[in-house]
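Presented sequentially are two complexes of subunit A, the first with subunit B as partner and the second with subunit C.
And now, the complex of A and B:
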């Protein structure tokens, strides 16, 4: 299995998380920890950039659900950007576009806060 | 047991009768003024035989086969004291007189003869007793030739006795006249006795206190022994029997040498006694420790055990172990000795934390032999205990992993020498090994537990699936589930509304293992009960979402698809809550359609959005049509290039083989998927349901 990596970049008050590789049940804790750390710093404006993510499993989607409530309660949001067709299909199938804002472009996502 | 009793009695009887015979022979000699002197060899022979019998007799007693050093020493002392006491009393009663002008000594009165006989009798028993007890001491540490020397000595003693009897020369080591023969053999005997006399390794293993005590005793004993021969045996025994005299004299020498060397050894070992004792304790304690750590897995119990050992071995007054807490990575006191609970908690919060931090960083031991002068800090402020010397040793495992610190303290200054520190480090190493073992064990137990849990979850999951295929007129149906190594959350179920009405449920619980199995069970129960009251798939799903979204974990959700097939009108109503689409092979048009009405997964939303998004779709099923329901394990099955099998391939298979029976179609599908993934293992469960209208 390919590895999974998450990189955090702070842009003003928006935290951007770059995901790459495979996000499945095995790598989910890594992503969870990264999100948790950002939220611990009280940074609630989060954009997740999927540009280099090859695959996401249903467990990977669960991570967003685990944090969205807290983030929104604190006036922030988790916005998604740069989803590949394959990744978008998974989000779409589950109906995520109804729950999350999804943008083609990171810049656009950042500007929507 | 009985046999031994009998032989003992017989032996005692023989001994007494022989001694009576020799007593009468002495009497006869007195009355006849040496008329029976010609029978003296017989007399001596009988006396020697009696010695041998006494040896046999006494060696049958348990107290003369004792391996315990202290008991043997006790018997030797008791033996000596009773001989002195008895001879003293006998001397008072008989007031014996002997003529010492000649050798052997002579006597002319009855009293002295009786005295000589009784003393000989007692002396034989006492000396044989000594020999047996000494033998036990010598054999404490068995050496190769010890037994051989012992028996050679016995034989040489017999030879000396024979020579002495024949030559009638005293054993005074003067080598005058005929005395040269028996005295020469005798000196060989003495050298053997010296050799046996230095076999006193039992002394080494005495404690320091015992060494002092026995040194004192041995001086007294040596003094008492040196007078014993002159006091009790010198005159009466040679008078009674020369052979016996030789035996007793030799034994006396043996006793003298042995106690002399014992005293000497004790004296020489005193300076090293403390060190030796300590080393012995160290070895024993490390042994105890390694035995303990192989069985004890609880880190607190283990620490308690070690603190006890440290007190015992180093003589520390206080000791405690601080271990890194696996949860918050802070040092916490795991075990203490001689510190109260409040003191411990004060310690945990006190200045000692700075020292701990230092030790943790430098990973080397800290030693204070005069805490007040050497350290500016008062580590023990607010504590009742007074600490003047302190050692802190880091507990470091393989890979330089820091486990904690082991502290030992004494209330006196200069309490710890380098040896102590080395020992404490050895202890710390053992603790590290033990903690590592415990961790490994815990992990493997945990893994085992998880595996068992998975096994249970798998069984639960399989039991939740329908055990029989449903029957619907004019339709055939085939299901297939392949579980991945780890339990996935695939699930399907059927329910009937009426005879001509079949409900199909297919779903996938996010997450794996036990929790997935439980959610699955919950979903099954809820859907089965709602389906009895509500008929529209959309409504069933809305109700199910209401109930399930409350009990599901935040990050868990369930994708569900519910379809309702009416075989009268040949229509299917279905709604899709985030689940994979339905693929429809249309026989008459020879084409495949994919339906993905809008809908989000159950558990993502409490209700409003879910209900707003969820659409219900109705379609007609014509004769020969095939419907495929599946889970993402099927569409997302991956080959080694991380390509997904995908809906396109599914559609193509259906297109090509739509005319086949559902059983054949299932087989073709699965074969194709496994051909696609090659030897990659499935990473998720895979479920499919094929429905075909046959008439």
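And now, the complex of A and C:
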């Protein structure tokens, strides 16, 4: 059973990660690996597009907290885009909008670097 | 005297992260069947996921031979989900409310999940019997009366 997929697309110096399915404690390692791959290549400008992500738990949010320091220390950022109302609510409940930039669409997120 | 109809359901399942999807489906179906709206169903489902994730990670330390017991009680007033593990328990007082910016540097195991459960449900109760079992009860009322949402 595998209800999560992550796909990486490079647009100039910005790396976009497209998430789909559900991000919980079971699928989190896949997302961590994908982020690690991007960071290993010293690509620190990252946009995570949530358009096709149906569900997230705090395990999924923990991934962002685990990587953000390193990314910002290298002059980059992780920006979020296209969150559904359901997914946004979880980020909002945990106070993430104060810590991460969240945009309605991917283009806008990319343009903020 | 008015008789209260209380429905009971039970799922006993191996403590593996791959089973979280099955647990969520089980809870989703019951909460919908009980007449909760979509937003409430989402809140109940996520809270149970958080509770079970904490059991898998912290009580059982990813030992999938251990079992999680999930009991659901539905009555005209509320839904109550009781999640039981046979781990060692924990000291609730040491789980301070997480401060997000500090959490980035010093991850506090399970803290975020419990914080979420408390925000999403109307009542969260812990019954910890050290070395024997830990039970978390998650309660959501149907109406606004007594409800946070």
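The rule we apply is simple: the second predicted complex is superposed on the first by the 111 of 113 C-alpha atoms of A that agree within 3 Å, B and C clash if a C-alpha of one lies under 4 Å from a C-alpha of the other, contacts with A are read in each partner's own complex, and residues count from 1 in each chain.
As a convention for this text, a residue touches a chain if its C-beta (ideal position, glycine included) is under 8 Å from a C-beta of that chain, and two chains touch if they have at least 3 such contacts.
Treat the numbers as computed from the prediction; the structure is a model and nothing was measured.
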(request) Quick one: classify A:24 as touching subunit B (first), subunit C (second), both or neither. (result) both
(request) Return first, second, both or neither, reflecting whether A:54 touches subunit B, subunit C, both chains, or no partner chain. (result) first
(request) Give one of first, second, both or neither to describe whether A:3 is in contact with subunit B, with subunit C, with both, or with none. (result) second
(request) Considering only touches as defined above, state whether A:95 meets subunit B (first), subunit C (second), both or neither. (result) both
(request) For A:63, decide between first (touching subunit B), second (touching subunit C), both and neither. (result) first
(request) Mind working out whether A:41 is in touch with subunit B, subunit C, both or neither, as first, second, both or neither? (result) neither
(request) Once the structures are superposed on A, label A:86 by its partner contacts, choosing first (subunit B), second (subunit C), both or neither. (result) both
(request) Touching subunit B in one complex and subunit C in the other: list those residues of subunit A. (result) 22, 24-25, 55, 57-59, 61-62, 65-66, 69, 86, 93-96, 98-99
(request) Name, in rising order, each residue of subunit C that touches subunit A in their complex. (result) 17-18, 20-21, 24, 42, 46, 49-50, 53, 56-57, 100-101, 103-105, 107, 112-113, 115-116, 119-120
(message) Considering only the defined contacts, which subunit B positions touch subunit A in the complex?
(response) 486, 508, 510-512, 554-557, 559, 577-581, 596, 598-601, 603-605, 609, 612-613, 632, 642, 644, 683-684
(message) For the complex, give me every residue of subunit A touching subunit C.
(response) 1, 3, 22, 24-26, 55, 57-59, 61-62, 65-66, 68-69, 86, 89-90, 93-96, 98-99
(request) Can you check the complex and tell me which residues of subunit A touch subunit B? (result) 2, 22, 24-25, 54-55, 57-59, 61-63, 65-66, 69, 86, 93-96, 98-99
